[in-house]
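First subunit A sits with subunit B, and in the next complex the same chain sits with subunit C.
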Partner chain A sequence: MIAQALALLLAATSASAGADEHLLAGAQRFRDGRFDEALVEFRVAQRLGAQGVDGYVASTLVKLGRYDEAVEAFGGGDGPGADPLIDYYRALACWGARLYGCADRLLAGIGDRSGPKVAEQAARLRGAIAAELRREPTPASIDWYLGRCADEQRVGRRALAAALGREAIGLAARRGDHYRRAEAERLVQALAPGRP
Partner chain B sequence: MLSLLAAAALAAVDPCAPVEPAAVPDAAGAAEYRAVAAAEAAAGDPDTAAIAWRRAAALDPSEPTARAALARLCAEVGPRATPSRDPLADGIRALDAGRYAEAAERFRAAREGPERPDAALLEGISRYELGEDAEATRLLRIAEADPAHRETARLYLGLLAWREGAAREAASLFGEASASPAIASLARDLERSARWDSPLLLSFVAEGGYDSNVSLTSDQVAPADKGDAFGGLSALALARPFGANGLFLRGAAAAQEYARLDRYDLTLLEGAVGARWWRDGSGATAEYSLADRTLGGSSYLLTHRLLATGAATFGPFTLTGAWQGRWESYASAYADYSGFLQRADARASVALGPRLRLGAGWGWARDATDLAVLRWSEQGPRADLRLLLGRRSRVAAEAGATFRTYDQHDPGVVYATTAAAGAAQRDVILDGGAAFEHDVGAGVTLRLALLARWSHSNVPAFDYTKVVPSASVGVVFTP
Partner chain C sequence: MLTNRLSIAIAAGLMLAGPALADDQDATRTQDQTKARDEASAGIGAQVQDMARAQAKGDGTTGIGDKVSEMAQSHGCDVNGSAECKAHHAVHQALADQAGAPTDRPSLPGEASGAAAEHHAARTRTMDTERAALRHTQRMAAQGQGSEAQAMHRGAGAGGHGMGGGMGGGMGDGTQAAETTRSGDMHHGAMGGTGGTGGTTGPGGMMK
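Here is the complex of A and B:
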């Protein structure tokens, strides 16, 4: 599906010929399940100025199980995007990075915009997430997310750090004592785009 | 360039295979691949980096950076197969090889999309091995929901609970895990061990047997009736208010009576306080104990003892060390034996498969009695074996040799007819023992044991032999 989307993209965009070749080569490898090779081609295409390739890089990172990098590459947001298929990969990235609230919001936004297969998979994943979120979060869980948030901020992965902070806010909100919620909100505000 | 890429895409190649130069060199394209390779290597993905380095080297054979980086990368990771497209199979291979971090990531990839309890179980096991207990618990709870994986998941949940100090919960989980015949033996062993780690533990042992040489007297001078039957009862209470690790209090009482030789009847009362920290077979314990003993109904021996033990486990290997120092105050009839007794030993053991463990070590002791002629030092080797026979039975055997030397000749004793007159006493003591244990029910263990000793001395009165067969029943409660 990604490869088909790319074919349409290539027809509609005016990226350089070299970038197009790498983008198409990446799509072919992605379709063949050779995700590490696909990633190399997408990365080269990215460097050569191909437009709109970030989502494909991130989707390939999901396939490689590099969820944290994928969340960063997707930009860390959890609002619905233009492409429900890409949103599904964003949700998988969040799920793999233990950002269950993020994954749930993305999956909820896919709704009827996708085909039946993705919709069915999204529904199953939401069921698993609902089971995961049924219990009241422990302070240790919130500590873990805030600790990771600080770690990722330190190494410059701000989008991932913000996503981890938002997850901590969501968990804290589900506790009666709102454990460390204000601290998490300050962290996320500091990580907003445009802030140093 | 596209034709080259398409040709390369036809088949996956070993990233460390020789690089074929491209038909049309492209230095600019190679530079882009090199940049991607460096970024992937920095991101910690050597597989993807290797692919990019190969493309760079093919497109610009004269440029040395890519070839050097590829050679370095391949030297680090060694020859390996191209990763398969089955992350579960890859994960199992990594798990078998002990590469737990890699295994966990493979299993996580296998769990992409709808939940797979098998992959959740395996990732949970990998996370357990990595010490990521919270995530391991979450994954194992997912696997536990699937009847096909329930017992194995509970076994590992038990291990996690045990590691957290929740021994009672761990014992319960091990008990539930033993419903699976495939892991019943291991689960029952763990259940028994975990029960010993409960916050409060009570145990009672009833024992009976026959001692062929109660007084340790020489074959040459002993009376004909030196053997006697004996029976004993003992009780132990162990409290660990802060869990398996931390402070502990111990109290013990024991009584042993002989059928005829009642002057050797023994009682013991002991109280101890200590601290312990153990995890995965490694750790340390320190303890102080006060004990009072009577012999033949009369006051006999009061001791203060300091004990320190520790162990370190590396895979199947375990190194153990222990030291104890005991200040001994004997009753007036035995006052010359009072003093400071120290013992130390070191042991190395190896598990040969899941059922057999072999150990070997060396022991040392020094008794600094108040009376100089009674002081001695001893040391010698020991070897032992532990073998699980089945779900509920096991055998242990041990053998050792001890070489004891007294500090000086004792001219006052009437039996001092040494081979070399005036020489200090030297003893060689050989010990052997074997025990068979069978768990007849939850917390109830039957034990049959045989101990034997042969002692040879340059003072003939100290030559003796001794054989002690015994049977006992032990009951452990964890209220």
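Here is the complex of A and C:
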């Protein structure tokens, strides 16, 4: 029985070591631009119990152009996180999913927490977003976000659905008539974490 | 029976108590080490900020990154020697290296704002096609290998649609994958195939 317990402990230790190897392999693939292989490595590391890998998986999805999945993988909320580099990738996920308000908030939060290269890119992207959002948004835009929000809620992608809803709220707030704003707020409240 | 139960209880106790005792013994030592490490690393943020201020804009962007990396190694990974820490550091370095920016312009949906909107619409259509193809492939796979093998054996062209390869990776090589599938099917001379879904164009190099 003690032997079995020791075997279990050994297995746990070797799984942790294996997770580190997969993280390193994922880093190498990511650096080489082999993002599909990096994704597999990070996911294996995740399953072996490596901590803090969710952001790497989501960032790799960004590089693969799978923005909707990336937004879902990054999870709910669009406030700045602890790691500005992960926040930058998260902003790119929002940008790719056409969540420009989300991207802007994240890019604003990066500020001088990152290196000069990312800071410069963040400033440039924020300028482009500001230019696009200068006009008053049309009802058709808000309809699109709310329609997508409902679609994603139906298929169980709650983080993405909430992000789309928040985008609709942000756009509606910039219109004089607050087109469908109350409806968007109800949708987002229903998607809050902990709600069924 | 009783002996077995006792053995199980002892083993469980060992598993639980071992780490707990070890934690107790290490607690004081860890506190001291943490204190020392905190003192050593407290100034990193300030040092990085000083370096960022000192480095003139346009002077190159790699210097600070290298320094930060060195400092992280000397104050983090190398101090505790953790393989996990080093692995995370390697991933961060890779993420930083590949942190490109989008080349397309932002465009709100529902507004006819030119080529960018059309590009997004095309991408959405492509993703819908991909999902349909995936559903079809899964249904085909669920039908099992046996019936497919029989159909191949008869050589009668069992109505396969050549969908699998047509989906490609969704990253711009889908068309080629579909072509490969088509030629493969023709080579085998059995499934016939109707040309698949044509693969996808993928995100088309949105990132630099």
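FYI, the second predicted complex is superposed on the first by the 180 of 196 C-alpha atoms of A that agree within 3 Å, B and C clash if a C-alpha of one lies under 4 Å from a C-alpha of the other, contacts with A are read in each partner's own complex, and residues count from 1 in each chain.
Keep this in mind: a residue touches a chain if its C-beta (ideal position, glycine included) is under 8 Å from a C-beta of that chain, and two chains touch if they have at least 3 such contacts.
This structure is a prediction, so every number in the text was calculated from the model and none was measured.
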Check your understanding: Now for A:Val40: first (subunit B), second (subunit C), both, or neither, which partner does it touch?
Key -> first
Review point. Which chain makes contact with more of the residues of subunit A, subunit B or else subunit C?
Key: C
**Study point:** Contacts of A:Gly96 with subunit B and subunit C, given as first, second, both or neither
**Key:** both
Review point. Touching A:Glu69 in the superposition: subunit B (first), subunit C (second), both, neither?
Key: first
Review point. Just subunit B (first), just subunit C (second), both, or neither: which does A:Trp144 touch?
Key: both
Check your understanding: Which of the two partners, first being subunit B and second being subunit C, lies in contact with A:Gln121: first, second, both, or neither?
Key -> both
Practice item. Go through the superposed model and pick first if A:Ala50 touches only subunit B, second if only subunit C, both, or neither. Key: second
Exercise for review: For A:Arg31, decide between first (touching subunit B), second (touching subunit C), both and neither.
Suggested key: second
Practice item. Would you sort A:Leu23 into first (subunit B), second (subunit C), both or neither based on which partner it touches? Key: second
Revision key, fill the gap. Subunit A positions within both the subunit B interface and the subunit C interface are 21, 24, 28, 33, 36, 63-66, 92, 96, 98, 121, 124-125, 128, 132, 140-141, 144
Study note, to complete from the structure: Given the complex, residues on subunit B that touch subunit A span 1-2, 5-6, 9, 12, 29, 32-33, 35-37, 39-40, 43, 45, 47-48, 51-52, 55, 83, 85, 87, 105-106, 108-109, 112-115, 134-135, 138, 142
Point to revise | Partner subunit C, residues of subunit A touching it in the complex | key: 1-2, 4-5, 8-9, 16-17, 19-21, 23-24, 26-28, 30-31, 33, 36, 42, 50, 52, 56, 59, 63-66, 85-86, 88-89, 92, 95-96, 98, 100, 103, 112, 115-118, 121, 124-125, 128-129, 132-133, 137-145, 171
Study note, to complete from the structure: As the complex stands, subunit C meets subunit A at residues 7-8, 10-12, 14-15, 49, 52, 55, 57, 61, 64-65, 68, 83-84, 86-88, 90-102, 105-111, 120, 169-171, 202-203, 206-207
Point to revise | Parts of subunit A lying in touch with subunit B, wherever the complex brings them together | key: 18, 21-22, 24-25, 28-29, 32-34, 36-37, 39-41, 43-44, 47-48, 62-67, 69, 92, 96, 98, 121, 124-125, 128, 132, 140-141, 144
